[in-house]
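Paired with chain B in one complex and with chain C in the other, chain A is shared by the two complexes that follow.
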Partner chain A sequence: METLTVTGVSKTFGGPRPAIADLSFTLGGGEFGVVVGPSGAGKTTLLNMIAGLVSPDTGEITLNGGSLAAVVPERRDIAMVFENYALYPHLSVRRNLEFPLRAPVRRGQLSRSQIAARVAEVAETLRIPHLLDRLPSQLSGGQRQRVSLGRALVRRPRLLLLDEPITHLDAKLRHEMRTELKRIQRELGVTTLYATPDQSDALALADLVVVLDAGRAWQVGSAADVYERPANVTVARTLGDPRINLLQGRRDATGVTVLGQRFDAGQGPPGPVTVGIRPGDVELSTQPVLGAVAGRVLLSQTLGYQDVVYVDVAGATVRATAPAGIAARPGSPAWVRLPAARLHVFETATGRALRHREVV
Partner chain B sequence: MRTAGWGRRAVLFVWVLFALFPVYWTLITAFKQQVDIYDGPRFIPFVDFEPTLQAWRTLFGDGGGDFLGKFANSVVFSGVSSLLAVILGGFAAYGLARYRYKYGPYRNDDLSFLIVSQRIMPPIVSVLALYVVFVNLRLLDTAFGMILAYTAMNLPLTVYLLRTFFEAIPVEVEHAAALDGYPQWQRLLRVVFPLAAPGLAAAFLLSFFFAWNDFLFSLMLTFNDAQTLPLYITSLNAQSQPLWWLISAVGLVALVPPAIVTVVLDRFMARQVLIGGMR
Partner chain C sequence: MAAPQSRAAGGQWHKHLLLSPPLAFFAAFALFPLGFTIYVSLSNWSITGEHRFIGFGNYATILASDTFRQSFLNTVIFAVVTVLLQYVLGLTLALLVYRSTRGQSALRLLLLVPMMFTPVVVGFVWKTMFDPSYGPISWLFDLVGLPQVPWFSEQLPAMTAIVIADVWQWTPFMFLILFAALRSLPTAPLEAAMVDGASGRRLLFDHLLPMLLPASMTAILLRSIEAFKLFDVVYLMTGGGPGVKTSTVTLSAYFTGLRSGDLGTAAAMTTMLLIVVLIATLVLLRLLIWAGRRRSRTDDAALQVERDDVADLTDTVDSPVTTEVR
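Right, the complex of A and B next:
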């Protein structure tokens, strides 16, 4: 159970903007960490630096307290599952899985029969024993993904890095693999860092979430932390589906004004603020309700178990979830109520959170 | 395999006749006597003329003028120089494909062009300079000199060809091998070279053909010890009349090594090694 610490790590690739800027976090032994952020956020760069494929300009990366700076990738004992799988196409699945065990750095550690046993074991865990004698070209995407995961796990690495491993699988398989990843990680207890653009991966899997955007860590915390108490607008926008509503408002000494309504929340020095409210917290009605603002339905999407309704309220678009089948046709009137307790308030200039919603 | 249409078969049949006829002609000429050659065309052995081993006896006997030595020269020079060109060119191409160089204003593409440009000018231009260099270094008519010359001649080709092959190998596969515990050399040996096998085979094959067929370098840089087959064939011409039966016999023998090399390497070139590793 290895603890990974990343301290003040920066990397610039000659561009005007750093790929990673002053990044720090600690991932406890056996924990499942998720780095979530859009493409181009620096996720792969971060993983590559931890793996030793890219060296950081500044800062330090340690595993169980030992600095990795002077350790070449082949001696770090860190395994990585690549976004594009990166299997060895000229080797059979069995050879692919044996490859790390036969490495020069592990020479003499395992006997021939031990290697065979390990391969059989990992193939069993990933449910691919029937594929062992095939070539990667004879496998489907999902099967390649499993082989790639197997190659990473077979040597029981100190740290497992996963770079968008399930992004390219189809939706059904993605859910299946996600659950399975969690199961396998629990079983093996290997410290894992997982990079993904998909916020639902983060919320579903993570013991620790690192919200990465434009090379910066905007918040590091548990899934509940980053979802319930986003430190800034970027984090609020990254997590949650459908996305959080971010509405322009004003703050004064007694509260905030948004959509023409006043709330006794987030009072402070006067100035522009961004008010955030999750679509699930917005109360939507097709009848006039006390304390609600009138608007007009723009669009309604059904997710099956519920609908996401886009309502135009005084020029702003508010997303609200509603029970499936609510009579919200485009153009029909709708009333939107924002419960004061559920508002997040952010300073518009800096994006910094001033107030979080109350958790009931 | 799909059955080809009759029209296609007919066309291919005609083409095969067309392509194989010169080989056939060479083959029967190698078994003819002088009279059969100059006395009108004779096509079918045992019918038109009586085959004889005269040419072969001369070639492998005393009158051959060190045919076997020249043959060995050709095989050794072509083989060794091609091997060197593939190994050295392979490393250069790998460097160009994987690392970014800065030599003054020169970047990777400039360096590539610089290397390839060595082959843009016709060899006749460089061979004169090479002659002067060889005289000064006492490399004229030596095996070492010829291997050096052929390696230099083929390097631009192999670098150019192999760079494309190395660039086609996803860098993640090498990264995976690094994380799997393989140092740089091992990564090249276990992953990169096997994946570049079709390229390495093709580069070797082309180098071999260029060196095997070379006439100019051999003409300018050798006179006896390091002479190669093409020059030997020409020397058979220098008599009062061309010794067609001998020339044909040598020509047939000269076909054998490239044919063997092609057959051996064809399996590697046809291999589609890169498919399947990626999503």
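Right, the complex of A and C next:
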């Protein structure tokens, strides 16, 4: 089990802003790390640097204490699953899986029968033994994804890198594969770094979450950390579905005013603040309620198990979740209550968190 | 059912009518000359216009002729050697230019220049280059102390000179096609191969070349068809000499038909060449289709995949291993 450390890594491709700026984190041996961020955040660049396909401008990447700077990609013993699977189009599934074991750097380490046994084993784990003699062009997306994962796992790498491996699968298959990934990673105990734009992947899989946006790590921590205690507005915005409400507010010496209501929020410097509250924490009612502000329903989306209701409150849009079937038609009146304990407060100028919601 | 069928038949009749002008053109400019050549090859047609059907007499004559056999052998040697050299050189150049980061567009343009010359100029330039008394190549050989080579008076040097001229002119064509193919290859499988432990030579032979196979086959096919018809460079550089030692089928047909006036025999020679080119093309086309099929999804396979997908999903959902986790 290998520990991955990334220290002060930066990379610029000649654009106005760096692709990766001063990034640092440590991923413990056998842990599942998830790099989450929108497209263009620098996720693929980060993985490519760790794999050795791109060299960082500054900073250091080490695996189990040994620097990787002078090690060429083929000698790093890091496996990578690419976003578009990157299977070898001219080789059958079996030959694709064998390839890493037959590569020159590992020549002579395994006998022919050992290679066959390894391939059979990994095919079994991924439930693809019936596909071994097909060409990649004859596989569906989900099957290609499994083969590409198999090719990464067959040689028991020191580190496994996954670059949006399930982004292009349909929703149902994506869910299955996510569970599978976690199972396989647990079974093999391989240190894994997973890049994804999907926040639910991060919350579901990660021992360690790195929230990446515009090349910067905005927070590094456990899934609970980044979800419950976002260090800044960017992290709060990245995680959670439906997205967190961010409302303009003002802070005075002892409290915060938002949507015309004042909440006690401890001591602090006065000034403009951004108040965040998760849609699940907003209390929504179709009847007037004490301490609630009146608004008008803009839109209601049904997710089956619950509804997401968009309410216009004095020009601001508030997202709230409500039990499915709540009578919230567009145009009808609604009342919204923000429980004081559930508010996040961020400094508007810097986006820095001033106060987190209290966890019940 | 009857009504739509008869309508379709009527529609087809109209379609044929609309297609008739181009079909007439095709008949006039492709089928008629072909049929006429074959007819001429079966007659003793002379340049004065007298002719009589003589069956396969001309074919018997040329097959028994040492000159024709020599020309035929030369044609095959030229075609195989030049196309192979052009492919290897074109591929090497494409790989080198593809990897160079600076001045790529200028290099690309420069490499294409030889292809823009007319073959007459190419033949003349290379004849001058190899000239034993005042050519730069003889001078260069002299300078570095190599013995003089009788470039145009012995068979092997003469053929070498012709091959060099042809390779010089047509390597850019191979380069162009292979370079374009390289540019359109997906980079991800190559990156994956690097991460998987391949490098340098293995990357080239295990991945790059197989992925370039369809483009390679196309380039080789196009060049081979042209190479069998090699004429102008040979005509200008050696005129088929010494004797008929560097003659090709086209050259031999030209001398027999237009210089000696024996159109029937010349037509038989070109018909023989056509048959050989046709067979070579068919074989290469087969290979090309085979190479292409390895990469593209056939309808059959696609259908099978759809069915498998369903099985795959239910398999995953029902599996106890999956539900155990978390």
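Note that the second predicted complex is superposed on the first by the 358 of 360 C-alpha atoms of A that agree within 3 Å, B and C clash if a C-alpha of one lies under 4 Å from a C-alpha of the other, contacts with A are read in each partner's own complex, and residues count from 1 in each chain.
In this text, a contact is a pair of C-beta atoms (placed from the backbone, for glycine too) under 8 Å apart; a residue touches a chain by one contact, two chains touch by 3 or more.
As the structure is a computational prediction, the values presented were derived from the model and not from experiment.
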Point to revise | Superposition on chain A - do chain B and chain C clash or fit | key: clash
Practice item. Using the superposition on chain A described above, determine whether A:R106 touches chain B (first), chain C (second), both, or neither. Key: both
Practice item. May I ask you to decide whether A:S140 touches chain B, chain C, both, or neither, giving the answer as first, second, both or neither? Key: second
Practice item. Look at A:R262 in the shared chain and tell me whether it touches chain B only, chain C only, both, or neither; answer first, second, both or neither. Key: neither
Exercise for review: Kindly classify A:R186 by the partners it touches after superposition: chain B alone (first), chain C alone (second), both, or neither?
Suggested key: second
Check your understanding: Is A:R216 in contact with chain B, with chain C, with both, or with neither (first, second, both, neither)?
Key -> neither
Point to revise | Chain touching more of chain A, residue-wise (chain B, chain C) | key: C
Exercise for review: Have a look at where A:H168 lands relative to chain B and chain C in the superposition and call it first, second, both or neither.
Suggested key: first
Practice item. For A:E176, select first, second, both or neither according to whether it touches chain B, chain C, the two together, or no partner. Key: second
Exercise for review: Return first, second, both or neither, reflecting whether A:A86 touches chain B, chain C, both chains, or no partner chain.
Suggested key: both
Review point. Is A:R151 contacted by the first partner chain B, the second partner chain C, both or neither?
Key: both
Exercise for review: Once the two structures are superposed, pull the chain A residues common to the chain B and chain C interfaces.
Suggested key: 48, 51-53, 72-76, 78-80, 82-90, 99-100, 103-106, 135, 137-139, 151, 155
Check your understanding: What does chain A use to touch chain B in their complex?
Key -> 48, 51-53, 72-80, 82-90, 99-100, 103-106, 135-139, 141, 144-145, 151, 155, 168
Study note, to complete from the structure: The answer for chain A against chain C in the complex is residues 48, 51-53, 72-76, 78-80, 82-91, 99-100, 103-106, 127, 130-131, 134-135, 137-140, 142-143, 148, 151, 155, 172-173, 176, 179-180, 182-183, 186
Check your understanding: Where on chain C does chain A make contact in their complex?
Key -> 186, 188-189, 191-199, 202, 206-207, 210-211, 213, 294-298, 301-302, 304-306, 308-309, 312-313, 315-317, 319, 321-322, 324-326
Practice item. Write out the stretch or stretches of chain B touching chain A in their complex. Key: 170, 172-173, 175-183, 186, 191, 194-195, 272-279
